[in-house]
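Chains here go by letter, A, B, C and D, matching the order in which they are written, and residues are numbered from 1 within each.
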Amino acid sequence: MLNFSLMGAGRIGKMHAANISLHPSCNLSYVYDVNKDFANQVAKENNAKVAESPEEAINSDDVNVVFIASATPTHVDFITMGAKAGKAIFCEKPIDLDINKVNHCYETIKNFDVPIQIGFNRRFDNSHNKVKAAKDSGEIGNLEMIIITSRDPEPPGLDYLKAAGGFFRDTTIHDFDLSRFVLNDDPIIEVSAYGSQLISPECKEVGDHDTAMFIMRSKKNVLIHINNSRRAVYGYDQRLEVFGSKGMMISNNQSSTSVEVFNDKFTNAKDPIHFFFIERYDQAYKDQLNDFVNTVLNNKKPSVTFEDGRNALILANAAYESFESGKSVKVNFS
Amino acid sequence: MLNFSLMGAGRIGKMHAANISLHPSCNLSYVYDVNKDFANQVAKENNAKVAESPEEAINSDDVNVVFIASATPTHVDFITMGAKAGKAIFCEKPIDLDINKVNHCYETIKNFDVPIQIGFNRRFDNSHNKVKAAKDSGEIGNLEMIIITSRDPEPPGLDYLKAAGGFFRDTTIHDFDLSRFVLNDDPIIEVSAYGSQLISPECKEVGDHDTAMFIMRSKKNVLIHINNSRRAVYGYDQRLEVFGSKGMMISNNQSSTSVEVFNDKFTNAKDPIHFFFIERYDQAYKDQLNDFVNTVLNNKKPSVTFEDGRNALILANAAYESFESGKSVKVNFS
Amino acid sequence: MLNFSLMGAGRIGKMHAANISLHPSCNLSYVYDVNKDFANQVAKENNAKVAESPEEAINSDDVNVVFIASATPTHVDFITMGAKAGKAIFCEKPIDLDINKVNHCYETIKNFDVPIQIGFNRRFDNSHNKVKAAKDSGEIGNLEMIIITSRDPEPPGLDYLKAAGGFFRDTTIHDFDLSRFVLNDDPIIEVSAYGSQLISPECKEVGDHDTAMFIMRSKKNVLIHINNSRRAVYGYDQRLEVFGSKGMMISNNQSSTSVEVFNDKFTNAKDPIHFFFIERYDQAYKDQLNDFVNTVLNNKKPSVTFEDGRNALILANAAYESFESGKSVKVNFS
Amino acid sequence: MLNFSLMGAGRIGKMHAANISLHPSCNLSYVYDVNKDFANQVAKENNAKVAESPEEAINSDDVNVVFIASATPTHVDFITMGAKAGKAIFCEKPIDLDINKVNHCYETIKNFDVPIQIGFNRRFDNSHNKVKAAKDSGEIGNLEMIIITSRDPEPPGLDYLKAAGGFFRDTTIHDFDLSRFVLNDDPIIEVSAYGSQLISPECKEVGDHDTAMFIMRSKKNVLIHINNSRRAVYGYDQRLEVFGSKGMMISNNQSSTSVEVFNDKFTNAKDPIHFFFIERYDQAYKDQLNDFVNTVLNNKKPSVTFEDGRNALILANAAYESFESGKSVKVNFS
């Protein structure tokens, strides 16, 4: 049985708390949040204690795992504290918005030999996974193109946008990681980025994009396209298309029912797809936790490493450089 | 080059005329219709002559083929005249509504060795055909069930209903034949029929059904279900499902475009399916003609025989007997 | 918090035990099974006690709910014992295979005013439910036809078949209930049944069917078709089609992923559908439990009553009468 | 009745000849091809004369329309000759591979007021058209993204590749035009291009790409993505996705049947999609001809102008500039 401290009790922290509580090998011991009301509620719902400070949550002797779902600026500090305390660490993406802070954190923690996993949940989605496995097994032949469509149902509010670090680092980062996941040992070497402000006045106000497209090239000359939007009225559009010499596999959208409607206006109409990440990636979040628990209990290498988190940020930064310079940018992961 | 006389220039005759005109081995010579305006128009559109009488159309020396698309009560007479004149004959379903007249016609014409094909167009639909071929090739294993869904877009008018001979003989007859087509050499031995009056006041007025369901059993104990309606607001619903020990194949509905719509109400919505038989079976009607031309030119056995037309009528009659008696009825094709 | 005694710890009992354990308002207190090993294992997995006798499980003071998932012949006894002990009762379908025993049980328990719900799980499937709701709300207009396709992935073994009471009472009973669920207050008045032995030597050995088709008529002249098979190689085929004056809704099959495969042989190929009822109706079983808990805690009328269980059996019996007599049989629910 | 001279009797010329012959307002008078055998065969099949020279085909008094389907390097000459002879002109894409020749041709012919239409057939596909119409009508709200997937089934041979002018000018040019068609009066202002050599040794030999991706930006900041491949084993992949503030519409692929296969390996598998452009765009080619005939007979402005042909080439050239410079390139249509 692993005892968890949950850092952050907002929307996603609340979901993680419920998954931890349901897992047969996990116990939620502490909940910490700067917002005490949030912490109290999540602690109460899951029979956990409220930690008065990050230190209490992270350093308590009975805690095995620090699970970080707090605001991005706190990630690096909590990771460092957890590593120093010898705890296993799970941290939501992104590690940080500043590559220098990420690098510094990396230098600090590498002497503390603790498992650390980054929360790229999409790697655990059964459908995306099946596509990736088919690519690895050779079922689609030589890989030639990857197309990722990733659109949120609605734009976030101004406060979120101010802190989020920009569309590419906040949202596309998932798609950069998913591209790397499918490519496996074939690194991305080049990226071009386009962004637009078409949807959200709040995005415009903070100088952020709400619509974006990317092309990337891997070392083996696979071409990758990503397109993102902050608003899709039909729900959280999450598609992964992988194309190769033997065919194509698509991980398609999912609806909550399998009903099809036929009337005098249209036929075969399905329900709107899942609203957002908590519904769409429900299975993935649970399996991600299970995978992490398995890693900790069996001393395995984490499935998604600190380097994976760092590399996705490097791609986002290269994308910004491309957008600003109007050039295709070579990616340097070193 | 085959010279055709077209008997009947109504909705379906008009369509056949256009197909005959387009066929490289066919020439439309004469058009006959009791309604002179209809005959004139179709003849004009296809550079054909108007025949003043059935005799002129059928007996003229330069005519090779009598193509019968006139009202059902005229079929037997025109078939007999055509056979006596030694012409190849194509006749729309049904041969007649009265099995005695059909039998008598059969006795009369069998001494005149002319090719005669009955217009069960669905046998020529590429999709239905692919399903039938898969059954024949063993791709679906041992045949166990056939499910036919066949629903018209809207009920016909009172005049049509008065002459049509009843829902089972007019409409289901296509599905009886399609069942026999898939079953091939395994004869249907038993039928149960249910009918309802739910849709059309005109149907009720003439004592006809507008909604019906059937179960049939073949000699090899394959079970067959047919369901029919005189009104489907989403279009002409034509589905054939064939189920066996190795799997299932469905010949599904078709829309005029491949567009899918996603909005805040629904996703993946397609266009309404094809409105009615002329749109849905366009390819089938053309290939039916081509098959018939090939039969005549190469002295082959017709793909759909007079016996096929007679057997479908026998099934319709057995279905009526089942409906009226509330019993499962044994089918006697002899 | 409700304390449950689970009667029966076989395949389906095991699943129910896990759902009860996960439910926030439920506690699994006792597990009883004639097979002690089964009882021990399920009790252990769910922190419950093993009951030495049905009496211990049912009569213990701390038990609120008797949850019956044992072999069919035990149902009536356990229901009666539970009712006499004043417990809330949930009983898997069928109540019994003998209508006389069902009627006698009904007479006995009606004086004990306990809630009793029958396990027709399909009523709780989100997709079937959406179709039923659309029919109730008028979205599909006047109801005209219901088509139910229900095929198991593979036939059961000889022992199961000997005790199961026949295909219509064991399997089709779900579809009879689903038909009644959609029809709501419009009773079924007539049924015709066809059965075949095409698949399973074991079925033949016990004189049971493995392939079956049914037509039923409701009082309002809605026509209902059901088709059943004991073996579908592509998985547990569960489809509900409801057709009316404003259109059609289909509750379609579901796969475990949303992946589509395109290669040189075929396109848009999906995974096999869910293997069997435990996977397919996972959500339904959970929501069924939740609904029942809600019924008990809030003194509501059960969603699926003893009468519903009895009426489904009456339909199965009428179907057997039709099969044996070759007649359409009038249904008498009184 | 319009009399046509067909220039070029290769694969696509042959198809155009058949469509012209079938059209009620068209007569195929002359066929010209440098390969006399080709010319003879197509002339014979369509009851046309073989022209001994381009001059005979273009200048003959009884010719109304010059239909150019010959090799690209001949287009400009034949257009110019046709214009000088006062004939209506239809010319397959591309006008030429050299923008200077295109500009010079434009200068030359603009004084001869003849209708000239360029063969961007995809604009006439019913499905693409429905998507474009939905965008124009506001059904999808404000346009934000266009995604075009366009993949050939198999790479062409070395001879074709040597003359084709490069992947972007030969193939992507259709997608550049389709983007412009959807955008309508919102011009493309910027383009980035990536190309790879992954598939075809012949492509590599001539220094051409076989895999490519593009991002473009319109003046209104709509983002457009195109991806191309010279080989898709599942057929000619042609998809158009248009995304806006009110939803998304996709013009999806099409198969030759509506059959779905279910077995122990997969479910819902459809036939491979149409093999190549002649099958996929059959309806579009016919409607393109009909539209052009309508333009000529009624003195209307051509639906696809010389400028459209020129602008697509300018986009292809800008794409090459982007690929070679590694920069996003501003597009200059003037």
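In the analysis below, contacts are C-beta pairs under 8 Å (C-beta built on N, C-alpha and C of every residue); 3 or more make two chains touch, one makes a residue touch a chain.
Predicted model, so just to flag it, every value in this text is computed and none were measured.
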Of A-B and A-D, the pair with more C-beta contacts is A-D
Max Cα-centre separation from chain B goes to chain A
Note: chain D sits from chain A at a C-alpha centroid distance in Å of 41
The distance between the C-alpha centres of chain A and chain B, rounded to whole Å, is 58
Note: chain A residues in touch with at least two other chains are 233-234, 246-248, 253, 261-264, 271
Per the touch rule above, chain C residues touching chain B in the complex are 142, 144-145, 147, 149, 151, 190, 192, 194, 196-199, 211-215, 217, 221-223, 225, 227, 229, 231-234, 237, 243, 245-248, 326-328
In their shared complex, chain D is touched by residues of chain C numbered 233-235, 253, 255, 261-273
The chain A residues in contact with chain C across the complex are 22, 126-127, 130-131, 134, 246-254, 256-264, 271
